[in-house]
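Below you will find the structure I want to go over with you.
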């Protein structure tokens, strides 16, 4: 027996997942006191059940994180059989190293907090770097939304003359996955710090002249990086109409407007985070509920996640070493 | 060697503590990204130093809590000799048990998180319940602001006809400490749930007719409990002018105005939390910087905290059992 | 599959629980060597089974505690599927805070020891304070014996003119539960330290003149507190015949005689601890075997404990805060 | 559902265990890079399964140990339901204490590493000392190969005039088990350090004149101890043809030849470690696959291991103390 | 700065250690409530100090163990710089393995409890088996009382014709240490289980005819083993007057009388445990205070324990393997 | 007081570090038994000392790793004040993520093992990816050898027409650091998987025609990647003479020869790993002893590592986000 619970970060997604799984959403209640303290209460027992708490740690990230930890503590104390966190968007994932000395590695600390609060399994989508999995000692399954985004993009993108663009060196493997799936060439932009925190796109690998560019990224926060990329592509003679695809569409502040002004015609994101308001008609939202539901179903059934991963797997392999290998079977 | 660091929750208090200790405040930097993620950076090394991070977990509690954890992670990774959290106001302390089944015990979970992030010692003031110390396995020193508040109150309170009032049964030991120090009688109010979350003051132990009442509490959030108490005291014939003393003056929303309207003439709080705006002239703020500095100095010197505690100790002893005892010396 | 094991603290209770569950008691053997060291041996395998070890940590508390830990270690090493401690009376629960500095918090330490020895779940009855649950990070279910005690009391207590008396402020919530269930008014006594460890009952909330008093408490050790309460009630004109109800009837030394001499006519306790000898006919013992068996059955079946708790829950809610709440379903 | 996995230390044994259990061996792949780093990959999912990783930590011990840990990490990250290590030969078991100050206790450290990597259960055979179990806090089942070795020996050993010989005081309990099962007398040799690391056999308990000696031991590494024993027995007039039985036949370097030269006619070992080359015809290898398969089957079925152990148990009891005992059932 | 604290198990020894170290014993207070619960209180601060808690876990072992744990918890919560347990006699050390399946390994569990309660270092004397050190992951120093006992014995034992007797195979290494120090031959007795828990001495290595025997052991509980040994030695023609030396003289019940009746003329023990009454004049008690004080002094000064250990080290080396070694300096 | 210890992986480097620090190398002894088991012994006490164990986990990686863990265990058990691992080359660092599902994350597991064995601090050089730091919860200081390598290269490289080449996207930040220090332009090569494990260099950012190329990398194992790069650069018209700089010169097998054949004229590495034989005269080895000694000296003195890091820091900053920041001082 299992139970799907929802924190307050994205009840619609939780409802969609539960619906896909043909089960009602578990009842729970979150209060927020005038001083901002949260109070969580499960309104049905989870005794002995496998519980999946659906809560992206999207903004306000600290509130959503502490709420998730409180849910986990409640599940543990009510004798849940398994407490899994489904965190479609994993906040703080970019804080995966110390850029300067004397900083925390916040993503590593968050991993420790989740385990400390009793979370035994994590399900997430398109982690910023695969190393974040290693911050955990519990199973972490990072699913890929790229196949679903490709399916959505395919209909509208003029495939004949399009290219996939990685906005910087860190996204090359994700961009390669897109390029392989869509059968398109890959173009890579390079940034370099100019002074302080300012970076400038200084190089470009591949030709974009007259091509329709699909810039891909794992997330869009303020959209600054993408606007810069758009400018660089236009300067390089790309087709004026740009496409953008990104898994996590935080779209903070005027991000959507800024992207449209920079020539983006269609913007594809998923619903790993709840939209912060009414979306512009050029923003297409791909549902990840089916993907999450499928992963949960396989997890409950002890089935392989292989099909869900294999695309991602292909695009991730880094520097490989020659090895003498021994198959054991 | 030691370093005093400040989070963003209460830099003035941190500066006061550092000043008392005759040391400059350690340099650090907190950034908040547009998506709400925090980034902490220490701007001087804490290698081998005893670090005291001053950060009440006052509202916004989750932001202040995660920031404190991030500071601790940064200190640990920079090889601090000891990482102590000075949390003058300990948020979530009231969530120290499950009121209903299937809830978290958030204070216990917060204790676990602090230890998980590398905090090795906690210094706090007037914890809501002493049992919270037991949620930790590291040293927790809960100091008392009552002596300092009594000193402040003594000048203005007409001691001749005054009484100390505990607003409910849970504050009796703190009120006893006030009463003993001020040489005043004690009056206790009793509340009882009427329906749902509504409570009503139903009983009163001790006479207040014509007396000036000093209502004491550990904290004032919205002030609702105190307003109720004020009404009950007026009904019972208390002197119209009321005094209130409480350690943690969150004074959320219209709390000050509500209390003044309910007949409170003077309101004594400490600066364990940063004031949220300009304070009304009737609110007297007692500084806890000297108390915290004194505790840190004793801790660094390996001296007893006895003098700092003894008052609190006296007021706390619960049901005692007869014992055959054996002194070992 | 599950197994009920019994330590040596209360084999009769363990047998009663097993009988209720329709299963034979698991075979085990405890040796005590001449030097007092204990040796535990399970005489049937618990491999893969859910094991419930029934052992109140009643006097001699340290022997019963170490034996419980040894049972847990044996179960873990024999690959038990789950090791649960059923501790109807939780010794050291009153040591839940430091009355003076430089003391242990023994209840917190005991919680840590139990977890350290491999105990994964705790079932107990009427914990002295609810905060003790927070000393654990495993599920702790504190059942209430109040409903069963009320059922027993109801027959003999002259309900028409009776009142429920809380012997001090710490028992008010438990006394409220009794009062609600029996439909009686509540009277609260207040104690205050006079000097050293001596306390005196100084106040009384509610009228007892001519009323039959049912004094309630969580436990009776030497009975000293209750004798004091009886005297105070007689002085206040209560009906000479007193009733007492308490969950844990340790009844040490001459406790029963002292209570009878102080005017107690009927004494209701449960069998959470094994009687230390032949009980006086005025002592009525309510069996908790059915309650424990019911909890174990629900735990095994993944059913809610709600019905078992709801009475207790009602009587426990402390100071509640106004909250903006959000139901999620 | 369960899965049998094999590291590279002994695939034949793993295959034999899987065959006994009527299940195909789980697919996995181990690569060794030119720099000696190992890469492990499971080629089928273990999600939710009980996994038994079969890997003796035989020479090269460090490679086999790290590989086992990597397998465990892979299983944990793939959400295995249970990760058990089947370590028929437990390397480093002899490093169970500090012979001199300032040494590691490597067996204790290895136990900690296995638990750290996520191993939850250990199955092994004839541990060098039973105390090694206490280095773990997870279930460790040490099976005995003595019954199987006795069955093999019985056919060829001239039982009429044979004796069982323990090569030193540390093997007396194992030798007693052999003697009891074969109905033979026991002879004990005593060694004493002469200088530095050199030892000499100085005493012998029991008569061997004209007797056929079966020298038993837990393992044969270089065979040095056994060669010494053989010489001492010949000096004492034993029958020229000697028999040797030992559970773990590492048979390093010229061990077999040395033993044969020293008069050993038949050598009985088991296949807890993979043979390092072609075995001499005088070396008889007893298969432990059935024993391991039987233990796994019982473990999965929640059945007692009693029958598998009872022989071992009998031979192990040390100094026993008189006890007042209390059976609880 | 350091502090010596004493539990109630052996205040005289603690006082002796403190005296040797030229420091007053730290003040503390232990209460025992009528229900047997212990309450520990430190009466001076240990903030930042290195604390050595002197407490043999002698009978009543469980009380002394829990008291030691409570002391440790108190030290940790009062911010001790280091909490060390000085446990001259380590109770439960003989429960270092499972004699039968389905038993706890109590010594391993006790090690875990000590670490769980915050003990960071252990100092003990003549552990029953050296493997117990491996149950810990903190530093454990097991000192040897053999040199001091030899010094005491030397004066009275007729060295010309004496032999050292090991009462069973498990004490051979300790007996070797005695024999080497006293320049005497070694005799070993062998026991074998006859039925159930009954053992019989069946063999003897070495000649005792007309010799004065010094039987040595690590501890004397009821003395049963030694009485048996005495009988066997007499049967074998030993000199009627026997000597006995043992580190831990529990001397339970009629142990002393039984030994004297069995022909023991002089009995040498140390004061690792407090005598349970007036000692018979034939019992000589060697003080271990100086040994413990010396170890503490070296530990505080960061000096080697080598001299304290080297004797023990020599006598402990077990089966040694030939090794290719590499000195690194 | 501190002690520098050396494992067997690189005694020359350890000696150099000790020499720089003006202290003799701590005495220790490592034995390897015929079965490959390691035995470590410290030959001087480390009681209370800060111990730095110098041991790169170079090939044979598993032996060096287990030896390092055994050293740590020995230090912990001998009461070292601090146990730090100095691992100039961190084996398994490239296994920092799961390339395919169902793999271990070996670098994360190794981090856990080091902490499990009692290592409290890690000092390393040029970690393959900065995220590896987040696998630890203890301080990890990754120093940079780039400044020292640049100093060495500067003398011989014709700076006038040279370029720095990053052999793939993952080394761009390190290459940028070289380029900045040497005042040279940066060229980036791009690889793409062709089939299976085969990759091909498909793109190049920047012009190399006629330029002298300095290819940089963190390590050279077999040199395969660099040979490929050399070929691609030659094809693109680079000057025939190539330079290579890499921190970790494993130079396995025929790596040096292969590189020379591919046109590499000068090869700069450091001595983080011990050379496996006589080095070719074209291989220049830069000593890291001074860098490590300087870091240890600062660590012991509680001084900032800033100067040691700042170069590295500059070259590492990734995608940066705009932030509203608050300096606290």
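Order as written gives the chain letters A, B, C, D, E and F; numbering starts at 1 within each chain.
Assume a contact is a pair of C-beta atoms (placed from the backbone, for glycine too) under 8 Å apart; a residue touches a chain by one contact, two chains touch by 3 or more.
No experiment lies behind these values; they were computed from the predicted model shown.
Chains that count as touching both chain D and chain F, per the definition above, are A, E.
Residue-number overlap of contact pairs with A-B passes half for only one option from E-F, B-E or D-F: D-F. At the interface between chain D and chain E, two copies of one sequence, more than half of the residue numbers in use are shared by both copies.
A separation of 61 Å divides the Cα centre of chain C from that of chain F. Centroid to centroid, with C-alpha atoms defining each point, chain A and chain C lie 49 Å apart.
With touch defined as above, residues shared between interfaces to two or more other chains in chain D number as follows: 33-35, 39, 43-45, 77-78, 94, 98, 100-101, 105, 108, 112, 133, 137, 221-222, 305-306, 321-322.
Taken as a contact graph, the chains fit none of the simple arrangements: neither line, ring, star nor complete graph.
Chain pairs recorded as touching, per the definition above, are A-B, A-C, A-D, A-F, B-C, B-E, B-F, C-D, C-E, D-E, D-F, E-F. Contact residues of chain D toward chain A in the complex are 1, 6-8, 11, 14, 24-35, 39, 43-45, 47-49, 76-79, 81, 118.
Of all residues in chain C, those touching chain E in their complex are 33-46, 58-63, 65-66, 69-74, 77-78, 91-92, 94-95, 98, 100-106, 108-109, 112-113, 116-117, 221-222, 250, 252-253. On the chain D side of its complex with chain E, the touching residues are 94, 96-101, 105, 107-108, 112, 129-135, 137, 168-170, 172, 176, 188, 190-193, 197, 199, 203, 205-206, 221-222, 224-225, 305-306, 309, 313, 316-322.
Listing the residues of chain F that touch chain B in their complex gives 121, 133, 137-141, 298-299, 301-306, 321-329.
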